[in-house]
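Read through the structure below, which is laid out as structure tokens, and then see the notes.
Labels run A, B, C and D following the written order; every chain starts at residue 1.
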């Protein structure tokens, strides 16, 4: 139970360190007979990939996935899908300075304390590079559920918020700018802000909003495995995430019941949707929407104190090529984890 | 995998409907040799119990737990702890009006859609009465980890917020007022507000903050089972929860890395704690703190439209005795779920 | 993971010691809408019950099950089925002599070593009394799969073997005699043998054969969760079981491939069935049959050396009322565990 | 839950088809800090490898394992160990004749029925080639538990039995002959018999005995996850296995309690060991021993009727290079699965 699997029936197990031979994973439980669109998988991989634009890390990682099993003549066979993503362009020497040093707000210290040793190169297992495997598993989950539409986008970067309700946004514009914000005006401001932050050698956090549409009624399991509880865990398991809220979220805590209740239409839909598409942990057919808060990337190009493994405080300056803001690249990861959760509950729901 | 179990090594499975014979559960994996303090368990049960004060539901439910196994001469034996909480004072006739009706923002509709039938009495399985079993399991988890201190309290009721940092609060005052807010002035305002809301026949949401202290370094499992991801799932699985954030939370998404990073002291502690006691999903020994948002209770004493199972919209007025605000009684539930998560990771961490 | 759950989607968790308040369990994952035949459940309970005939233990245990949840108006609701079986007639004083003593070939010693303490009354958790909960869960599993026919019977008692192939037996005669052997002549000899063994104050082992008919093609999951692997685990988890074989079993290891292969009929059935209804871990629609070996009950009415917890060897004579031969009462337990395995794989198979 | 994982805390998930790109797997839960002996892993791989002697299949499969993660500077890091075994020398055209044909006593038919399609090349996922991944995981499990000694050997080939008790055998001779039978005289007869069988174009079954020594007291979990129940499942999950018995096994069912009980020595060991080192599902420190029955390989070089996917019976003759008897190569697989079970229970036992 070392925490490297997610899901019950659509189960993803990942392996791999930032600078090892390869990342990869196994998808177990994918139903047979799905004609895979490999190009769609590559598109999602490219959306997560470093070096894709001027406002993300400039590292070069081709991130191409090789499928090793579970697919025959282009179709899933129902047997486990094993895949690897080779680490082709890692520069191990970049990281020698952190061999004996714990970077602030990184996992270096706790890994050493917990395991007694660690692969320090590029953060090892704690690197967000692991999420590449999640994107593969999520891209296949999306193809398992073609009718469900999952759209994530950047709704804030640092202090800049896009407050427009998602219903008024055009999701087709998400990919039209490097920030992945569907409102062009906000996107431009956010992009400018990120460029500024980079110049300062600093980083900034942000929020990703995700909207899931055309979900059938009935996904999710009471009482512990509520749909939003699994979505929350899925999102919180992504590197740098600090918060999750769905439907009315934290602002719902300020409301009265008479304002918050979603009244029914005769067909079972509701006039409002403060519930966020989920009642009692089970999808009710309305749009599911949630927000995911990301902290700023811990590695900054300014000098900060770090701790070495002998208990000395020593100044350290970030090296290498890092993201000034992680949310543009986090968008496909949020979508991937959402897709994995839905695929899992979809299969579980077939057992009734 | 019908969602009624939580945890891996300290595993809780619950059963029971609001108006069935009894609620109950099985705690599997509790280590042997723990001398149980049964009074402490009853104290936590009493904190969750209806009718405990003027600002919560006036239902009478004795909520006393009967242990059936796993305990011998006052000590845990390492075998599963089975327990029941009889439903002694339920008035089933109170609920006949919802037999064929779906209350707004309740789980009635989705249960009928998912299962094809439902025990409509008092919400059946979707009732928050289920959380009584969680409090039992959490109270034992607390005794498994006596050195860890878990304190939850109400930090907001509707629009009334207690913004004082937790470090400046006196947790011993949490139980000094019916709101469970350790700041007496805020507590008085919140209590007044809840009384007002009740008079209006309305309900209101709120926020519970939880602080966990003296956590050893190393609890939590990367990459999917991060400590905060499991805490988040645990909290989101509680009835009426809409959001979870830990450490800097959503406000952290507005910060810069240079502000957000927690710099080390030579002993491995950090000067600040925006991380919220967790790095890379693993506890770092600093205080863990998080906030949980609860929506207003859906059952209000005003007339609202409901949907019947033939597709007709019909007016309905809430009957029975319900909470105007759920957060005072949610405090021990938040603590219980936190304790279960910690107990589970504590056992997992022993396997390294 | 303390080993008190069985199954993945049809999941049974049990609790309870031989002389505690009650035994019981939770069945999670039972589909909704099954009209339960409670009498059929009681019939299986009665088949397992002590005191049912002259050749089993004469203890009086009413063993009536009380359902606490998951059932509404006689139908399963899809929520967990909690149940208890009160321990009404236990004589705790009978067992004071084993408080500090380890009976040979019992679990007393290993429980003390593993847990540091044990509920010594009647074997505590290691008592076969726990199997009463399995019979409840199995009886409901049978009702979930009404088309599948599961028949277990006693095929040997000590040295007395019934070698007739199951195809030539009349399963309706299984319940016609206290041994549960469908061949009346063999049954009489076996019964006589057991009476003799009892007079000697001794016990004897035996074999239960189980035949499962009308199984749909496709149940079972490669590669680790093969249908026969789960059946094997299920049977080996029953108290006193020492061996499991299916289809040709151990005798198949002596055969040649040209003899052992089951040739096809055009409809996919096979002319022979040495495979035992399973190919590659997946049911092929032919009869599944297997044999389960039970050792003799360890408690005998003769004097034998035991070990006390101070390292002294002390003579001990079995007290109380024990089975001279366990297999007649094991028949419904074997059926129950088989039904649970099939119910689980049936649900898993619905996810493809 | 598609059945491709084994174990709870030491958890192995495998992927791969006989003729895909590669086999492989992920070992999750291996503790950190184990200095791996890669040569020992290769030795076990070589013992399973085709072409290793004149009495096994003459296929050439290099079967070398590549570790991709979880190991740093030769030591395990506590993160998941991903590995692949490339399929370098597969001849896919060998298998075109079974594309539309179901071989008798193979899994072809049930895979097509269950999944609707299958990778027919070399048996696809149902091929015993998958066990190569198990040997890798087992070899690492052995290194996790260096004090425990696991020795498996061939104790029968077809009608030829080695009846010598294991205590009288010299395990160091197991590898001295291609049959892996530690009794040289029996080994010679067995080898001769296998050569004969091969000349007939036939195959034959056999039995592998496994002895596990120096097991600490306390491994195994009541009630469902008994040590022998998991060992049984582990063995029955190996291709071609038809039966499992431990300790006195099936012959124990013929014995009386007065003969079968293992009397204690003052130190907690027992004078006899018909229990097979396990009481109530928990290891008692005595030798664990069990026997595993393998059926004859289904592919024979004689002509037999097969079924095509249109319902026609058509004669078929085995092609390619197959094992006349599988047990010599099964020995390391039995050991590997035993090691995985022990590693898992060892970690679970650390949680008390």
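Rule of thumb we're sticking to: a residue touches a chain if its C-beta (ideal position, glycine included) is under 8 Å from a C-beta of that chain, and two chains touch if they have at least 3 such contacts.
Just so we're clear, the structure is a prediction, and the values are computed from it rather than from any experiment.
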| item | value |
| --- | --- |
| Chain at maximum distance from subunit A, centres defined as averaged CA atoms | C |
| Selected pair, greater C-beta contact count between B-C and C-D | C-D |
| Centroid distance [mean C-alpha coordinates] between subunit D and subunit C, Å | 27 |
| For subunit A paired with subunit C, centre-to-centre distance based on mean C-alpha positions, whole Å | 47 |
| Centre distance in Å when subunit B and subunit C are each reduced to the mean of their C-alpha atoms | 39 |
| Residues of subunit D touching at least two other chains | 1-2, 4-5, 8-9, 14, 29, 32, 78-79, 114-115, 125, 222, 348, 352 |
| Footprint of subunit A on subunit D - complex, ascending | 1-2, 4-5, 8-9, 11, 13-17, 20-26, 28-29, 32-33, 66-70, 72, 75, 77-82, 84, 114-119, 124-125 |
| Touch list for subunit A against partner subunit B, complex | 1-6, 8-9, 14, 102, 104-107, 109-111, 113-115, 125-126, 130, 156, 158-159, 197, 200, 202-207, 217-218, 220-226, 228-230, 232-234, 236-237, 239, 242-250, 252-268, 270, 274-276, 279-284, 291, 293-300, 302, 304-307, 311-313, 348-349, 352 |
| Touching residues on subunit D, where the partner in the complex is subunit B | 1, 9, 29, 31-32, 78-79, 222, 347-348, 350-352 |
